[in-house]
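Next up: the structures, one after another.
What follows is a pair of complexes built around subunit A, which joins subunit B in one and subunit C in the other.
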Partner chain A sequence: MNESPPGRLLPWALVTPALLWTLVFFVLPFIAMAALSFLEHGGGQATFDNYRQFLDNPSYWRAMVNSLEVTLTVTAISVLLAYPFAWILAEVVPQRLQRLALVLAILPFWTSYVVRSYSWLLVLAQNGVVNRALVGSGLVDAPLQLANTRAATIIGFVHFFVMLLTLTIFANLKQLSPSYRRAAADLGAGPLRTFLHVILPLTLPGIMVGAFLTFVLAIGDYITPQILGGNNELLMPQLIMMQIGRRGDFPLASALAIILMLVVTLAYLLCARWLKIERA
Partner chain B sequence: MMRLAGKLLVSAYALAIYGFIFLPVVVLVLFSFQATSFPIPPFTGPSLRWYETVLADTRLTSALFNSVLVALLSSALAVALGFLAAWGFARHHLPRSGLLRGLITLPLTVSYLIIGMGMLILFNAAGIPRSLVAAGIGHVVINLPLCFAIIYSQMGDHQVNIERAARDLGAPEWKVLFLVSVPVLWPAIFASFFLSMTFSWDEFVISFLLTRFDTTLPVEIWNLLRSGLNPRTNAIGSLVFGVSIVFALLLELAFLRRSRR
Partner chain C sequence: MKSILKQHSRASAIATAALAIFVASPALSQDLNALIWCDHADPALLQPFEEANGVKVNVKEFEGTGAGLALVEQSQPGDWDVMVIDSIDVSRGVEKGLFEPLPEDQLPFADLFPEVKMDSSTVVDGKRYGITEKFGYNTIGFNNTKVDVADMQSMASLTDPKYKGRIAIYDYYLPVIGMAAMSLGKKTADLTDADLPAISDVLMKMKANAKLVGEVTASQTALATGEVDILVGGGEWVTAGLAKENPALDFSIPKEGAVLWSQALAMFKDSKNKDLALKFIQYILSPEGQARLATSSCYWGMPANSKAALTDEQKKTLRFDEQPAFLARAQAYPAPSAELDKKMQDIWTGMLQAQ
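== the complex of A and B ==
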């Protein structure tokens, strides 16, 4: 399509600013971080110590295991909650109300992320709304410890990702041609069989993409676990920030960040492989 | 009978999810009108006391101003760079185009924490101090791939013909760009600009790492959290929510009018 007359330089002039920006402010920092991860803290000697620390120190390991446990739990719960909800919005709610129903469902998206986590802290606090309701109704004798727990982190995450997954699954369901359903009905399948053997398999790739997105966004997030989970148990992002903030140990923080990135890349490869098999 | 039970079940489920989604927001807004100093039950308001406190707090108002400024400027830059690159890749045959396009979208796959940390390390090494400008640069890094991807995906072949017609009629390249391509792609440009604005407005961790004294609103709200549960945080949070809702409504109206036309 190289038919425009103004020579060979123009196309490069168009794409170079964006490429340069990405190189200088994204690729270069990443290289600096990777290089730093092989340096001694304070010294400047080349070393593998930062990575060895991760392998040797059980509390660092624990943070990675915590991160994986929390993130996988969040992903599973969010998908399981969002799918029926998206299905109801797409199939049960009358057509003309669907847009309104969807806009309502994602309305709290518009609070800022930090504020949303804080709001859950209010709800789950020792004297918060949930504990008041539980004690008031006589279900429990004393307020439960809900804030600053892993459960609080999971609830905060699920809240965000149910909204996100509802959006993606809803879009997925709406894209399905109604003729699939008609064909299944013509062939004698009831609603349940149609769902299990037609709708669900057709939307599965979309769900996988949504689940992968959830996994990636949740495992790299610092805000939710820091505000809601507190410091009782650390997740990887908290561990990384702690190295920067309290100890100024950038080399170790870099090594931990790179390990976290490797895990995400691994998840990506698994997901891509699964999608490829599915398509073939 | 079965159908009725099914309908009840479906309604109950939908209501439960709506309840879950709205619970924290309702609690946040309700207790922003609390008259006493703790945003926990019982409700003692309504009172506008904490809104007055927040609006009189110059740290918060200047952080709000900073946030708007950073969001506007970084989004404008991200859209401009993204648009030019998208136009270049879509209209010209460049060697290794796939690889280079992949490079531009790469930051989408990395968490903000790691992007911010890398920039902090580089800026430290280069002796660049932490500032709002540094945070703005970071926001361009996260929003450029998004703008590029959105605009690039909207570059269809039908627009090529209009551009070709303009060239045939003697328009120089810059005129084709600004008088033909930009107006034709306006919806994509508009959408990516507002999406960038939202992301920049809400971004915390990069601003947290890259700013120092002058900072953005999410960081200032984070600082408020150190004092625990506090109706001031409720008030500023509700204000942010309100502003965002108005913003979303305007956006919705703009797009609705466009699609109805």
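== the complex of A and C ==
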């Protein structure tokens, strides 16, 4: 039976606010930014020069390489730490305490991102807790340079993203029916084999979703590398901001932002293909 | 159900209309809308003006001339009344047709330190568009209990391996490039493309000695907490505000000189409150306003008006009496063309990326 015209229009009416929102606050600004990236700074003439600068200038390239190195490292470490944490929450912590454990796990989310980054700076500083403990215990003779390094940026990121990944993996683990494990055991698989051949593949979507979110959020983040990295190297968001500060070079900043977005899109396509969630 | 939906949609329509009116409403006509740096956000500075004139000063903070001018471009003409801007960038605003000439006879120009009037960038075609309100030095800031104070009299110390890992660099390319140029005996006003390779070498050597390159808060924190002992580009703007808590923080004007920073106030051509805007500029340039601005909670700096009503202690902290000697050895910020500016920023980017 054919739907009546009002019936067919209803879904459109329901999604129209979301579509309008996306159009006004994402699509149109994106088009404006893309158009701006092809303009000369100050002159308004059309040019490819902003993109050419990225290709020609090794410092700009380096920013992209730095961003990828940092982001991939953060994603890998976060997954390795989050998985056992999620496993413990889902399998070891009693059901009645799981909610409380989850709340405790996400507590750091409740503080300001900036405050958290500055707190890490103090913890990792020359006179901070970590260095005092290392020197006090005799493990090192003099304080190590921990703050204002790439390692500090990675620590700040990992602290944040482990929680995010824990939540996505935990949700995935909780959805797994116990029958899978029982069936594997019936077929003679030990715990390790069950984990490697049954549990891990089934929780891969949760890992990939969390890993992709981590990658996207980390590669576009300005605050953490700016506060914790000590500007000893530039990442893409810092390079973009640098074009705006004094010179107000919005066309070059737009071109760099588009390039960063292309990398994120590529990451999405890689994840989507690997998870086979794209439509045939 | 229908009536509930109807009721809801009516309520939504009213709420939307109210929101639209709220968002679109310009500030009250007797409000002063100011684009400012953080030192002007101090209530101790604004309240006396607001109370004396029965007005509200609405402020919007920004960092960097480019970001400030972008805010203006995104606003409607008349949205803003006054703007704080690097003195050397006043002409950029004039080129864009943003600023109103200031009535020199109604402002205390005669009382300003002559070296900070910056006529070359604040006067265009014989008309003055900006008045310097505060200044200071990008030079060597240090902790005098941690370094050999005699070393701080030469910029050569900044690249000396003796201070490796004990230095922070202020993350703003113009003044630090100015300092690097001065260390090579070049004048900041005469810099050209040809000077950049040598300047880049100096920057690379500074970076090799540096622990971090930080913006205002990060570099200030690094010096105050003992993370570093020297701040390249530091000056009274870092040390004076912390003098009570940490009297060991100091600055020098080395033998090569220092880079003079100065900030100016300008009035918008399209301001709807030009009388009030002028009153605000007059207040900021008055002895009382100057004292409050100089000692603002965000950062301290020298008042442009030599008659600023500072206490003896404040003058001592700012080294007020030494200013004639300091100014004689200071050079203005480099004021490059747009093309040279881009090249300077690129060598700075190269320095930041150097390992």
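Following the convention adopted for this analysis, the second predicted complex is superposed on the first by the 252 of 280 C-alpha atoms of A that agree within 3 Å, B and C clash if a C-alpha of one lies under 4 Å from a C-alpha of the other, contacts with A are read in each partner's own complex, and residues count from 1 in each chain.
What we mean here is this: a contact is a pair of C-beta atoms (placed from the backbone, for glycine too) under 8 Å apart; a residue touches a chain by one contact, two chains touch by 3 or more.
The model shown is predicted, which means the values in this text are computed figures rather than measured ones.
Look at A:L68: by the touch rule set out above, it reaches neither subunit B nor subunit C.
In the superposition on chain A, A:I223 makes contact with subunit B only, while subunit C stays out of contact range. Of the two partners, subunit B and subunit C, it is B that touches more residues of subunit A.
When the two structures are aligned on the shared chain, A:R246 is found in touch with subunit C, with no touch to subunit B.
Of the two partner chains, subunit B is the only one touched by A:V114; subunit C is not.
Shared-chain residue A:A125: touches subunit B and subunit C both. Once the two complexes are overlaid on the shared chain, A:L14 sits against subunit B while remaining clear of subunit C. In the superposed model, A:T22 makes contact with subunit B only, not with subunit C. In the superposition on chain A, A:G42 makes contact with subunit C only, not with subunit B.
Residues common to the contacts of subunit A with subunit B and with subunit C across the two structures: 121-122, 125, 127, 227, 244, 250.
Taken together, the subunit A residues at the contact with subunit B in this complex read 1-2, 4-6, 10-15, 17-19, 21-23, 25-30, 32-33, 36, 81, 84-85, 88-89, 92, 103-105, 107-108, 110-116, 118-123, 125, 127-129, 132, 159, 162-163, 216-217, 219-223, 227, 237, 240-241, 244, 250, 253-254, 257, 260-261, 264, 268.
Contact residues on subunit B toward subunit A in their complex (touch as defined above): 10, 13-14, 17-18, 20-25, 27-28, 31, 38-41, 81-82, 84-85, 87-89, 91-94, 100, 103-104, 106-107, 109-115, 117-122, 124-125, 137-138, 140-141, 144-145, 148, 160, 167, 173, 201-202, 204-205, 209, 217-218, 221-222, 225, 229, 233-234, 236-237, 240-241, 244-245, 247-248, 252. Within the complex, the subunit A residues that touch subunit C are 41-42, 57-60, 62-63, 66, 121-122, 125-127, 145, 147-148, 226-227, 230-234, 239, 242, 244-250.
Within the complex formed with subunit A, the subunit C residues making contact are 63-67, 69-70, 165, 171-174, 210-215, 218, 221-222, 225-227, 338, 341-342, 345-346, 349-350, 352-353, 355.
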